[in-house]
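Consider the two complexes below, in which subunit A is the common component and subunit B and subunit C are the respective partners.
Let's turn to the complex of A and B:
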């Protein structure tokens, strides 16, 4: 069931089990989303922003990794040292800008890494090992497959609009949204049809047990990482 | 058209949930400006209504919306929202399920109503500001977001706002649903896509 996702690119460097990736995603998500800017939690945040950097390096997205690291480090340092010293409107402004980047950024980057580095087959197998029902697994794997496509579609629509000089100035936000959403929705319907046809061809609808050749399993690295992540979450909730 | 809930439906669920989630995520990023946070239950469903109506028009079987709501709950939980989101998502999903079922998945009017009831899950995202969660949640925010932000947020969110938010969800969902129906009529029915 290789539905067009990039095959695993993490050759040689290190190859994580999808379950480990999920643990990383959850930990980084929770800590960055609701962490505080002081004490132990601040240290945890500092550790957490290193995670996307290392992960992106491992899939050879060097440029993005460096940009992400610099940006995240800057915002988190800003949160730790500049925000407590300011007040009033300036404080609120910095807070909002830093907040958006540091709270959504790392989770988004980790998600990007998961999508880049996991083949659909690996993902489904891992979910099966965790005894998730098919009803959840199949839509989720389709989603993972679909996010990058959505990005491409959006880029094409953006280009097409630029070429025809549509939407340069936003006069009516609803028209603008319509111009972007309608083509995306059209292609969504198309993609849904294509994917259904593909999956039927591959025999997903027969109801038999799925077979696979991908090699997943928890290595010592995975176990180590999961233990560290659990530890971090435990620390996070205690303090 | 298949008679049973099959693989085709699951793929439709996946693709449209992805689209829905992305739209929600983009709107939620606005939520950082305190006043938008309060208005989000109104703004979110308006934009979400458009893809949601297209999704509803593709639904033919019982259970698809519940699956969507469970997946949204899981994704929201992973991105750091507190656990009550599960309750809200699943309840909103089930209500919508029954609303659509009442119209045999064909009535456009009930789809619009469904768009309103489905958007109730957004309350799960803001529940932390209210009731018993309120004190501890804001206390935990002081270190994270700074006193200024918390004060602003607190002044915007006394308990009664929660009930207004329920109303905002419903109204936003209705507006979104109507907009969606209009867009469907304008673009999709003509093209023969639904």
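Let's turn to the complex of A and C:
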């Protein structure tokens, strides 16, 4: 899986504003995490599992989209129609398995989509539009930028360990962790240091207003989606 | 105009053994840089040239702690009265390590970043990115993922970002250390453009050959002071021997003499068969049906970025499982797993391969011989460390050592591991003349130990100094493979010269 914010913004018709993505993420998260298996809430759950499918399709993750759709549909149908008919241990087992998948899966997939489809500068711009202070925005954007760095560093350290034939035995997992952690901390601290220095010379973090070259803005699609999501949440809380 | 008057800066640092020790960055420095001047700062490691750069871009005193005295004026304003934000509007910086100077993941966003922070009009920034990409011919670098670029491409993106901001003063701290000759050609074009625009440029650098025609003045520093000063005419008249005497890298690569000290005719060869490998992204693939590497000799692997040099050595080491190739040495054919036991690589970033709490432990970790007890291992480790000039830091933490000492620690572990093949990935990037010579001597010693040494490098001077054999790669294939001697040295010169002119040879 790719980590970190996407380098370039998604092209094509289906380009959502980061704020809309956030609304989708929150709505799907809340409804799937805490919804019941009956009545209106069950219908809402059925609608919600379509969201990750469409979102993943829009970032061209066709295979994952189909797998996710099939799996989620199966679990939600299970919850609606099989769980009420079973009892005892079978019931418990199905409950646990389906519960884990349907309650955490959609939120996770939406989060994956957000990370895949948003660039760092889009993220920063959206956060500023929502009047988040820089104290929160800048560390968070650096964090996203950091995932791929960690991945690169981890890969080189892992190679070095293989070459020196150390930390390979399963008998002592703690040595393995120690051997990975020490160099990774050293090099990431160094990189973070250099990065802060470079950002300072580029005039970041002085509290003055930045401008942005990336265009984010609410299109009719965004507005429509946000209205639908709010409606769904309202329905969810009323019933 | 930038004026330094009696500037002294002392870093507050902590030594390897935890004792606080203040080291001088610069002492009592007086420099005046005129508008539109191209100034080169050079000198051995730790001579203070980086400190000068940091003083100009405001990282001292805003980022690095220490005691600063004296006065620096930037365009007739006292720098002490300027915030780092004010400075960042006037001074653009390019750093040594392309890996750690980007805030964004997307290249276009990064080019816009500094200008955005200065609240420039977005439309203006976009137009400027367009013109910059056009004049540097780097349209292909727009809208890319920073993590997919080579070091040279990253440096170009950094330069492009500065061009978008277009400050009057540009400082560069060893920008070429991770670049091959072709990328340096591109960097030179950028510098030429800036010079033509009348920017004031201050560059700290070890490798001088690409700056010869650009420099208006060159300052040679030592221990935080200016030791020698050359104007453009004097730079042109400088001879190779004089530079060597000053501990500087050559200004003209053609001047470097080639003296073969010892003729080595290899008796045996390391044979590679069916080395083909490609990554998922299809970049940097290699396809080598057959290759002989002379055993117990030093072989340089050269070629442009992306030619597959690193892929080749990774495969030789056995780091890629999917490689089906066979390596035959001493009548023994080895698959990737066995190759892991007989190859040792010293990586470009040695921080990745130091794991323990002391230098001696680090070396002992590599001694895997089961017959030896702790006492014997320690003795062997200490012997190796003494040979490599590390005798007095055996108990220090490897991470507290200097860059050169870390590299030697890694070499020591390589020797201790008793593996016959030792591979170096760009061992001399960012090294001054003196340290480059030291590394060359160490590597020659490895040869005397009977090791087969492979070196991936862009450093022409270094190749002439210690290599016996050259393998040149292009697009994943072996283009040339020859012993380095008086006759073949011209081939190597051709390869370098073509690229010096900035011409593409693909």
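Quick notes
Assume the second predicted complex is superposed on the first by the 167 of 239 C-alpha atoms of A that agree within 3 Å, B and C clash if a C-alpha of one lies under 4 Å from a C-alpha of the other, contacts with A are read in each partner's own complex, and residues count from 1 in each chain.
What we mean here is this: a residue touches a chain if its C-beta (ideal position, glycine included) is under 8 Å from a C-beta of that chain, and two chains touch if they have at least 3 such contacts.
Here the structure is a predicted model, which means the values were calculated and not measured.
Of the two partner chains, neither subunit B nor subunit C is touched by A:235. When the shared chain is aligned, subunit B comes close enough to touch A:139, but subunit C does not.
Applying the stated contact rule after C-alpha superposition, one finds that A:104 touches subunit B and leaves subunit C untouched.
Once chain A of one complex is fitted onto chain A of the other, the partner contacts of A:200 extend to both subunit B and subunit C. Using the contact criterion defined above for the overlaid structures, shared-chain residue A:174 touches subunit B, although it does not reach subunit C.
With both structures placed on the common chain, the touch criterion links A:78 to neither subunit B nor subunit C. Contact with subunit B, but none with subunit C, is seen for A:26 once the two complexes are overlaid on the shared chain. Once the two complexes are laid over each other on the shared chain, residue contacts for A:121 go to subunit C alone; subunit B is not touched.
Look at A:50: by the touch rule set out above, it reaches neither subunit B nor subunit C. Overlap of the subunit B and subunit C interfaces on subunit A: residues 141-142, 145, 178, 182, 186, 191, 195-196, 199-200, 204.
Looking at the complex, you find that subunit C touches subunit A at residues 57-59, 62-63, 83-85, 87-89, 91-93, 95, 97, 99-109, 112-122, 125-126, 129, 143-148, 161, 165, 314, 317, 319, 340-341, 343-345, 347, 349, 351-355, 365-366, 368, 399, 413, 417. The touching residues of subunit A, when paired with subunit B in their complex, are 25-26, 29-30, 32-38, 41, 83-84, 87-88, 91-92, 95-96, 99-100, 103-104, 107, 134-136, 138-143, 145-147, 150, 174, 177-178, 181-182, 184-186, 188-189, 191-192, 195-196, 199-200, 204-205.
For subunit A in complex with subunit C, the touching residues are 4-8, 119-121, 141-142, 144-145, 148-149, 152-153, 156-157, 159-167, 178-179, 182-183, 186-187, 190-191, 194-204, 206, 208-214. The touching residues of subunit B, counted against subunit A in their complex, run 6-8, 10-19, 21-23, 29, 32-33, 47, 50-51, 54, 58, 63, 67-68, 70-71, 74, 78-81, 140, 143-146, 148-149, 152, 179, 183, 187-188, 191, 193.
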